[in-house]
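By written order: A, B and C. Residues from 1 in each chain.
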Amino acid sequence: MQPQRYWREIPQRYRLEAGRCKRCGKVFMPVRGICDSCRSTEFEPVRLADRGKVHTYTAIRVPPAGFVAQTPYVLAVVELEDGVRLTMQVADCGPDEVRVGLPVRVEFRKINEVGKSGVICYGYKAVPA
Amino acid sequence: MREVAVIGVGMSKWGELWHQPLRDLACEAVLKALAQTKVDKVESIHVGCMTGGLFAGQEHLASVVADYLGFAGVPASRSESACASGGVAFKAAYAEVAAGICDVALVVGMEKMTDVGGDEATYALGTAADQEYECYNGATFPGLYGMMAVRHMHEFGTTRRQLSQVAVKNHANGLLNPEAQYHAKITFDEVESSALVADPLRLLDCSPITDGAAALVLCPLSTASKLGKKAGVKVLGLGHATDTIALHSRKDLCRLAAVETAAARAYKMAGVGPKDISLAEVHDCFTIAEIMVTEALGFAELGEGGKLVASGATAMGGRIPVNTSGGLKSKGHPVGATGVAQLVELVTQLRGEAGARQVKKPRVGLAQNMGGTGGSSIVSILGVA
Amino acid sequence: MVGICGYGAYIPRTRIKVEEIAKVWGTDAGSYKRGLMLEEKSVPSPDQDTITMSVEAARKAVRRAGIDPALIGAVYVGSESHPYAVKPSGTVLAEALGSTPECHTSDFEFACKAGTEAMFVASQLVKAGSVRYAMGVGADTSQGAPGDALEYSAASGAAAYLFSAEKERVVAELLDTYAYMTDTPDFWRREHMFYPRHGGRFTGEQAYFRHILAASKGMMAKAKLKPADFAYVVFHQPNGKFPLRAGKMLGFTDKQIGTGWLVNKLGNTYSGASPLGLTAVLDEAGAGDLILVVSFGSGAGSDGFVFRATKRLKSVQGLAERTRDMLDHNKRYVDYGTYLKYRKMIIMNE
């Protein structure tokens, strides 16, 4: 991954910065240009909750390039306390320990590294709360 | 709008075609399709391919295909909608013929998937998901469908055995299809003891990596008997829809809204309903997908797809046979070719040429092709002309 | 008044026991456990490094301080395991906290003393009135060569301190500081080398004890305090024995040392070691308690700090997870093979 592609997502990945539609209040992660509920184009920044629960999950046993060292890893759709759902790994949690409804909190983790010499990519993961 | 007929269908050999480069893939399928017609020249070419770039380093595929078919000069374009690329290419060709823009159109679906390693293939397929908010975090397609399966099991009590039933059924069907990639009867035990790929999905819950192509020749129904050599099959209905790119953006992870919408549009256009369908080819990229798709198509109520397959209703000889070709599971899944190959199966069945797997006197066939986790879907309904 | 207005710790959940390492090298686990007074150590997951742990510790510090992170004017990270050779850890931390762009940021390196260096500079900037709030973090994913004695102790963790001159916010007033440095090559890692080297027994008397003792005495003399005045004392803790022995030599009791003595279950978190001892003390201390902190970094030197807990401390202790809770709960033990995988010590294909 080239650094610019990683860099432009930093507010979302480091601080869970999302966008809330100024008209209808719907929250988008990441922020987008048009609200799909009310067609408004005005958004205000909002920080997502850092706690939630597992809505659904899997355990990845056959990883894409760059994720081998972490395999197997638990991947989940997490429903945060503000109702926003996001796909993230559940770290410090074995495939046999995860379940629908598991309370989690969000931690700052390393997501991937671009080889031995590339940029280190950070972001959010859930951990059992 | 003119009514449109399919007068020629063909499939290349499907499998791990080590000798065959991307550029040659289309040829075998197209020659077979043209051989079923009296046509030797087409007016338009529509190619469906997900990512020739990532799988084989080749884009600009419409021109590549036209050139290697000896049709350089003919207008050609390429449609991309991930694994629904083939279905979307068919729609583009259909629209041209229906609108009178051309009188003979060729549809080619193709994918060359074995020129990359396993993790590169996982990456390439992953580009059909939300790259920055799913794949960045380690999502894979088996993983995304695994999460759909977990939720479906959680909400509706869908069972491991019901997932297995899809694989067992489709491999049984594939055994009867000489063109299928895998000719192997598989048992419940084999499915349930195969390697975990993304819980709860195991290797035999997943469609394979396949090289292959499929082709269709389309013309107005009015000229079908003149240009075709075989019994006419016409397009009754077509529906196409999209949904959010990321699975997590959906209100309900157990529903495939794009499939529901595409089906509703296709049923309406064709003037038929789920009960009128003689057979269906659906996008069983993973076993859970077939269960969810049969619900979205109205073959079962929401949450009842597992019970539907367990009841045998979708097996050969059942109320509504699903994936008589063997489906993506057994026939293979060269992603861009799949949507076209589904229509090849429908035409073959509607003509009564399906041999050992022939459904008894089918009148109406439905094909459902899907991109990503259901971010796009196209439903086509064909009938005996 | 200048002092700590927020503090936070982070200890990874993964642990490896001394027995698991000893088994591989055919050594006697019992003698290591007795000799080092060490039972197990923390291990970072493959997705944890100095930066990720710093962020987690620093977020706890901000939560306890209850301040707007945009007002943090300086962010310093001390570590000998910065993930990048060139590119600061501090910018990631500052960005994750929401302290950018009006924020001075720097990375420190001084073996195990880099964390207190960051605290030293952060506190002095606040004292000088240059910035309103300043963050100093000590964090490490420590390296020890396989088969070396350090492999049993080299651990991972982070502690973060937010300094302020706003009297009503301070939970531990910084009364005084002291520093004692010499050039002593007791432990080092050359550029591009994966593992550090050390001088064996030379690291003891001439390095650790000489600097810890001199800095402790110098600090107390400067602050006009004696051992009995302190409720708590925290020394750098490369193993269980050294800080206890140093304490005894200086006239401290085991009780004064015990609260901040984490090493038997944590291992040596290098730049995080004495800062984590202090977070454990701040989790317990009450108003008026005097705390002595003396770090040690190979190369070599010690930083001394004297803090006095304020009334406010009790009200912030429960606002984030306590150090001992992280140390004692939710542990995930790994075998040596998994440890190697986590520490990237298995040769992989690119």
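Basically, a residue touches a chain if its C-beta (ideal position, glycine included) is under 8 Å from a C-beta of that chain, and two chains touch if they have at least 3 such contacts.
Since this is a predicted model, take the numbers as computed values, not measurements.
**Q** Name the most central chain, where centre means the mean of Cα atoms.
**A** Per-chain C-alpha centroids compared to the overall one single out A.
**Q** Going by the contact definition up top, give me the pair of chains with the most C-beta pairs touching.
**A** Per chain pair, the contact count peaks at A-B.
**Q** Would you kindly say which chain has the C-alpha centre located farthest from the C-alpha centre of subunit B?
**A** C
**Q** Using mean C-alpha positions as chain centres, tell me how far subunit A is from subunit C in Å, no decimals.
**A** 30
**Q** CA centre of subunit B versus CA centre of subunit C: separation in Å?
**A** Distance between chain centres: 58 Å.
**Q** Please report how many Å separate the Cα centroid of subunit A from that of subunit B, as a whole number.
**A** Once rounded, the distance between the two centres reads 31 Å.
**Q** Where in subunit A do residues touch two or more of the other chains?
**A** 68, 70, 89, 111, 125
**Q** Taking each residue of subunit C in turn, which ones touch at least two of the other chains?
**A** Within subunit C, no residue contacts more than one other chain.
**Q** Looking at the complex, which residues from subunit A come into contact with subunit C?
**A** 10, 14-15, 68-70, 89, 91-92, 107-111, 115-116, 120, 122, 125, 127-128
**Q** In their shared complex, at which residues does subunit B touch subunit A?
**A** Checking each residue of subunit B against subunit A gives 118-120, 122-123, 126, 130, 132-140, 142-144, 146-151, 154, 195-201, 246-249, 253.
**Q** Would you pull the subunit C residues touching subunit A in the complex into a rising list?
**A** Contacts found on subunit C: 13-14, 45-49, 51-52, 55-56, 59, 83-84, 92, 95-96, 98, 330, 332, 341-342, 344, 348, 350.
**Q** Residues of subunit A touching subunit B in their complex?
**A** 5, 9, 29-30, 55-65, 67-68, 70, 73, 75-77, 85-89, 95, 100, 111-112, 121, 123, 125
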